[in-house]
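After this come two complexes, each holding chain A, first together with chain B and then together with chain C.
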Partner chain A sequence: MKLNIDGLLVYFPYDYIYPEQYMYMLELKKSLDAKGHCALEMPSGTGKTISLLSLIVAYMKANPLEVTKLIYCSRTVPELEKVVAELKNLMDYYEQQLGKGKPKILGLALSSRKNLCINPEVSQERDGKNVDALCHKLTASFVRTNHKRDATVPVCSFYESYDAHGKEMPLPEGVYGLDELQEYGRKKGFCPYFLARHAITHANIVVYSYYYLLDPKIAEVVSKELSKNAVVVFDEAHNIDNVCIESMSIKITRRTLDKCQQNIDGLSKQIQRLKDCDAERLKTEYQKLVQGLRDANIARETDVILANPVLPDDVLKEAVPGNIRTAEHFLGFMKRFLEYMKIRLRVQHVVSESPPSFLKDCYQKVCIERKPLRFCAERLNSMMRTLELVEIHDFSALSLLCHFATLVSTYAKGFVLIIEPFDDRTPTISNPILHFSCMDASIAIKPVFDRFQTVVITSGTLSPLEMYPRILDFRPVTMATFTMTLARTCICPMVVSKGNDQVAMTSKYETREDVAVIRNYGNLLVEFCSIVPDGIVCFFTSYIYMESTVAAWYEQGILDQVQKHKLLFIETQDAAETSLALLNYQKACENGRGAVLLSVARGKVSEGIDFDHHFGRAVIMFGIPYVYTQSKILKARLEYLRDQYQIRENDFLTFDAMRHAAQCVGRALRGKTDYGIMVFADKRFARADKRSKIPRWIQEYLKDGLCNLSVDEAVQVSKRFLRQMAQPFSREDQLGLSLLTVEQLDQEDTKKKLQSRMQYV
Partner chain B sequence: MDDQGCPRCKTTKYRNPSLKLLVNVCGHSLCETCVEALFVKGSGICPECGTALRKNNFRVQLFEDPFIEKEIEVRRKILKDYNKKEEDFKTLEEYNDYIEMIETLIFNIVNNIDVDETRQMIEQYKRENKDQINKGRNKKSKDEEYLECLIEQEKEESSLKRKFIVEEEQREKDSKKKHKEALLDELMFSDRSALDILNEHKTDIDKENELRVPVMATTKFSTGIKLMGKYLRHIRSASDEEKGGGFESKLACMRALLDAVNGLFYLPDQV
Partner chain C sequence: EAIQEDEKGSLQASVDDIISKAKKRKLLEKIKNVRLGMMRHLFLIIDMSEAMSDQDLKPTRLLSTLKLLEYFVEEYFDQNPISQLGIIITKNKRAEKVSELGGNPRRHITTLQSLADKVCHGEPSLQNSLELAHQTLRHMPGHASREVLVVMGSLTTCDPDNIISTISMLRDGNVRCSVIGLAAEVCVCKKLCKETHGSYSVILDECHFKDLLTQHVTPPPATASTESSLIRMGFPHHQLSADKEERPSMCMCHLDSKNSQGFSSTGYFCPQCKSKYCELPIECKACGLTLVSAPHLARSYHHLFPLDQFREIPTAQVGSNVLCFSCQTAVQELNVYICDNCERIYCLDCDLFIHETLHSCPGCASSRQTQQSAKMAGFS
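So, the complex of A and B:
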């Protein structure tokens, strides 16, 4: 259908549209017009992706000079594929409507070499890092020069032919998912990975992972040349601050340092060898460094493996300091730094320190100044290139140390160094870890906000919205949250606060070991197992809590009772085991046996796995999933947030807990025909500060009467709800209410009604 | 770390956790007992390399690699004399050449390459640049100063913060107590229904909490200039039309003052 969104002609590839999609597009258009950033929350399963794509494509078509590019960032490969599929759908619709006059659009997905490589030998490898290393072995510029001299040196034929012909031959317009890229590569004999990486500079729509924009190490390589008037979309962005922080944080253990020692020994041997046979090469490198000519101009695209973390421009233009110019001096320098790190890790108690005091101590102990430290990553990079090392993968430990050196000397604020002598859980085993932790999520994402004219942050659960601009430090032009328009009430959220014996249910630390609480939680599960058909997903606050609770349930005989009704599956910390459990859980749901999956909030299951329809008829959240508050890193971050952004500890903790809780319960509902019960089993959920932080589309249905239920009452409510949902439901029921045609959309009163479905923040 | 041991008596840290390794100028380590045994007279030779050593020059080995220990010892000594800073050079290249030269000197001495020549060079440099060395001895490089300034700032901030938190807690406690007392009083003496009173107090407290906006941290950009009356005397007072536009004579005065002093706060490399 063709829509008129505030004067813009939008082609929408479906016959019907959800009201909230229409509102979403309106808001999006506003921020595109204003060239500003926005944060939008819309429930999952209401077609965010297609709304985003169709509006932005239409906008690009109407204003080709204002917006030239759409960069769509998502988290996982399946999600990327979903976006590409929607985009294809949209382009087909354009084709069908306009025929030849359709906009010329090149859209493509970019992923790691592991997902794109078509070289028969390299693509055999399973591990992403190995694929990268093998690829580098075949395509590094020095390998290719050697190949010219000596034909026995193996190179990748796909890359060779891409390099020879592929650059002049741009990808024909169309939409390329990962499979299409591989296919095209096979047909032409080009390497799809480098083809895609080259093509993103002139593609109109790029779909890739967060990390290509946020992780400075990768962003430098991949996303450097993207134009300013692009629209960046971060989908599923509820965790974006953690992604930002992770991409800037470094963890160094004693083992890393031992490996560094081996790396350095290996390097010094290599240098000795090179000195004996080809001293000329070291000299040229030295000359280059003396002149201050950065390697930037000679760096070929295949060589940039260890790109530097964000450095201020002025440093990058400066020459490498004299005391690490020659290879031996640099190695000596690294040795000293390594020894220094070793003594730092030899601690008896937890040390928390700021970068400046670390640098000062470093200068006093081993006479290392700040300046050469800043150049570590660059210098190592240059050295690896000179030595023509093929197995770069082996040197990951040393490059990590160099990254750390560069970061610690570059950023004085927003970072903290925490050295822990042992793990909190095993205080007797010495296992020193140095955390170099970023506390300010805005550091990593700031370049993105500064560079691109519009950044859209969107997810199904972004509540409370006002927190995101604060922790990411940006000014949105629009912030809005949309609720789902439903023809029937298909979600049933409730807060169960007490058991039948009136003992309060809570995962509060003081009472979580209480037998009565555990028994009540067990009763709740048993009761729900007996009335809810198909799948039930339960979330615990942590693995430890889950283990102790399940053990207690076993002793109390609750597990036996559960198994009378359903099969039981448990998520573990092992990814392979979990996916097996998940597979069998789905099998059990498919064949009507019904199953219970016990999993953990913040675990793998809670992020990214959908329990639509019969896979999740009920979700039970046992307790509030607060993060482990005793961690030193968290404490440092909380303190930083309070000082810099005036965010109180409790506010942030509650925010974090509630967004994970929302993420968990949101798993159950992935569309309007779906239905599900959402049980918040903790009395604290009923409090105003927690309740107000639940996404609006859930909060709407969480009436006061459903906020303080006992197990029995909850069962009654659920029974009634399930009976209602069991009635036949067809598209006709939805039409006009939650599903609109163009004509209905044009009516005045619908527009008025629509306004109420949205709320600005 | 466990395989660290004394090269002479072969004791390791694993077998004797209280093992204390000492190191002397030559960069070879010995355990405490061996040092006691070998250097009874106060001096002797290193069992590894035969260098003559004094007992009181032994110090606890800080680093795992005794070679590094030696290097740092040498480095400290040389840096004491070669103490020019980046600011002492005209161009960056000259400075880079200079620090590379130092590095080569250290490298040569530590790795026993042309030791005599190098030492001679150092001696010569010392003689030639006596004044310079004495002058530069206690000077700190810009970088160090910058770091120190940062550390100082941090300390200040943390002490302020601590004070602030204590005050905040105290205030919260006081207000809670006050509210409780007021509530009890009212419940005791008022004729209204208890529920009403409770609700009213609740809303009161909520309102108060909302009003208390967190104090914004003072920016570092404030010049701290207090506008005294005497400054204003030299400024033309604003006309009525100007006041209508929101303009006050204070503004112009402030701007002039800022212009006059803001150069003082400009530190080119701290931007």
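So, the complex of A and C:
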């Protein structure tokens, strides 16, 4: 259908549209017009992706000079494939409507080598790191030069033919998913990975993972040349601050340092050898370093590339300091730094300090200044290139250390160094770890906000919305949250606050071990097992809590009762084990045996795995998933947020817990024909500060009457709900209410109704 | 607002609305002149697992179910006189046939009554009971419709093997499986019904349960793969001992029983072999002829020629203060229903009653002229 969104003609590839999709497009258009950023919350399963794509493509068609590119960042490969499929659908519709007049759009997905490689030997590898290493072994520039001299040196034929012809031959317009890229690569004999990496500079729509834009190490390689007039979309962005922080944080263990030692030894041998046979090369490198990184600086000033937070501006303006210019001096320098780090890791108690005090200590102990440290990462890269090293992968430990050196000397604020002599859980085993932790999510994402004209942050659960601009430090043009229009109430949220014996249910630390609380949680599970069909997913606050609770349930005989009705599966920290459990869980749901999955909020299951329809008829949240508050890193971050952004500790903790809770319960509902029960089993959920942070589309149905239920009452409510939801429900019932045609959309009263489905924040 | 709440803030009203709409739609779906599987062979599978002792239906799910099933069995034979029925129960992961396929409602009702004393325990096995039903239905002639109706209280099934293969076997065997759930929608049941072209429904309360059972009383449309064939039938007369010479004799149905029941001079005599039976319909034990009475067959008539649908028009169009022709009350709803033949006006409830129960329009029946024309329309 063709829509008129505030004067813009939008082609929408379906015959019907959800009211909230229409509103979503309106808001999106506003921020595109204003060339500003926005944060939008819309429930999962209401067609966020297609709304985004159709509006932005239409906008690009109407204003080809204003917006030239769409960068769609998603989290996982399946999600990425979903976006590509929707995009294809949209382009087919354009073709069908306009024939040859359709816009010329090149859309493509980019993923790691592991998912794209078509080299028969390399693609055999399962592990992503190995694929990267093998690929590098075959395609590095010096390997190829060697190949020209000596034909026995293996190279990748796909890369060779891509390098010879592929760069001049741009990809024909169309939409390329990962499979299409591979197919095209096979047909032409080109390497799909490098083809795609090259093509993203002139593609109109790029779909890839967050990390390609947020992780400075990867963004430097992949995304730095993307055009300024681009719209960046972060989908499923409720965790974006953690992604930013992770990409800037570094963890160094004693093993890392041991490996560094080996790396340095290996490098010095290499240098010795090179000196004997080809001293010229080292000299040219030296000259280059004197020249400084001026080229990079020019490039940045003329604004062709994305800024890299690891490589600060002033580094580029200066020459590399004299004491690390020659290769031997640099290695000697690194050796000293490494020894210093080793000393630092030999601690008996927890140390927490700021980067300046670390640098000061470093200067006093081993006379290493701040300035050369800042150049470490660049200097190492340069050396790697000069030495023509094939196994880059082997030197990851040393490059990690160099990154650390650069970061610690660059940022005086926003980071903290924490050295822990042992793990909290095993206080007797010495296992020192140095956490260099980023506390400010805005550092990693700042270049993105600065560079691109519109950044869209969207997810099914972004509540409370006002928190995101604060922690990411940006000023949005619009922030809005949309609710689901439903022809029937297909979600049933409830807060179960007490057992049948009136003992309060809570995962509060003090009462956690209380037998009565555990027993009540057990009863809740048993009761729900007997009334909910097919799958139930339960979330605990942590692995430790789950283990202790399940052990107690076993002793109380609760597990036996559960198993009378359903099979029991448990998520563990082992990924392979968990995916096997998931597979069997789904099987049990399919064939009517029914199953319970016990998992952990913040675990693999709670993010990214959908439990739609019979795979999750009920989700039970045992307790509020607060993050482990005793962690030093978290404490440092909370302190930082309080000082810098005036966010109180409690506010942030509650915000973080509630977004994870919302994410967990949101797993059950993946569309308007789906239905599910959401049980919040903790009396604290009923408090206003928690309740108000639940996404609006859930909150709307969490009536006061459902906020303080005992187990029995919850069972009665659920029983009635399940019976009502099992009644036949067809599209005709939705039409006009939660599903609109073009004509219905144009009516005046519909428009008025629509306004109430949205709320600005 | 998408969903209307009533004063108490409950959403019951909107759900009710959807249900009544669905009811009306179901009626509209009834097309006439369609081939129906009139000779039905139906297996009732009753769940007797622990879940059936739940008290959300009063007094217990099992007792309530059995009572409604008694009514169902009566209705079933009333509407489908030439059909047969059998009963299977499942509990403790096993299935047991408590009543063989047969056309005698009384036998089935006694069986149902005897089930009330049994204890419910363990889990049901959907697969075992479906296999058991299929074993018998497999041997039924090709022109008969094969059906299974499951009344399921439990939300789980404990099966020895993969149930998906059983479902495809039933589909291939042309067995139509329907399920009535007593608690909630179970995925595997939904799949079973979808694959085998049955219907799946979940009850809201006892009333709705009864409605759903009633829906299974009318014969389903025959599937393309059922054969069509002519069936020989006998129409025995009920002979009262007018003739003095007639001696009392045993009827075939009670031949094996110890007591003297069935020992009389009256009964139905098979026109082909003269065996005596005390009730109809039945299949002659001696010569295999299907024995029915003419009124039985006539009762199936309305299935083949259902009453025409009434036209729905807004109440405002007809004028103010409209009275329903059949119940004589003022119509409150937004729409009224009008019979195209006699042009009388009915309210929704009367419309449903006329189409579901009466099968003839009171307006047309009240005058000879319309009565005639209605009949002609039915045959054309």
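Here is the rule we go by: the second predicted complex is superposed on the first by the 742 of 761 C-alpha atoms of A that agree within 3 Å, B and C clash if a C-alpha of one lies under 4 Å from a C-alpha of the other, contacts with A are read in each partner's own complex, and residues count from 1 in each chain.
We take it that contacts are C-beta pairs under 8 Å (C-beta built on N, C-alpha and C of every residue); 3 or more make two chains touch, one makes a residue touch a chain.
This one's a predicted model, so the numbers in the text were calculated from it and none came from an experiment.
Within the superposed three-chain model, A:Glu236 lies out of touch with both chain B and chain C [touch as defined at top]. In the superposed pair of complexes, A:Glu41 makes contact with neither chain B nor chain C.
Of the two partner chains, chain C is the only one touched by A:Lys566; chain B is not. Of the two partner chains, chain C is the only one that A:Ser530 touches; chain B does not reach it.
After overlaying the two complexes on the shared chain, residue contacts for A:Glu86 are found with neither chain B nor chain C.
Of the two partner chains placed by the overlay, only chain C lies in contact with A:His614; chain B stays clear of it. Within the superposed three-chain model, A:Pro321 lies in touch with chain B and out of touch with chain C [touch as defined at top].
Partner chain A is touched in their complex by these residues of chain B: 1, 62-65, 68, 71-72, 75-76, 79, 92-93, 95-104, 107, 141, 143-144, 147-148, 150-151, 154, 157, 161, 214-217. By the touch criterion given at the top, residues 485-489, 530-534, 564-566, 589-594, 613-614, 617, 703, 719, 722-729, 733, 737-738, 753, 756 of chain A touch chain C in their complex.
Across the complex, chain A meets chain B through its residues 290, 292, 318-319, 321-323, 325-326, 328-329, 332, 335-336, 339-340, 342-343, 346, 354, 356-357, 359-360, 363, 365-367, 369-371, 412, 643-644, 646, 648.
Those residues of chain C lying in contact with chain A across their complex are 1-3, 9, 11, 14-15, 18-19, 21-22, 50-51, 56, 123, 126, 155-159, 162-164, 181, 183-189, 201-204.
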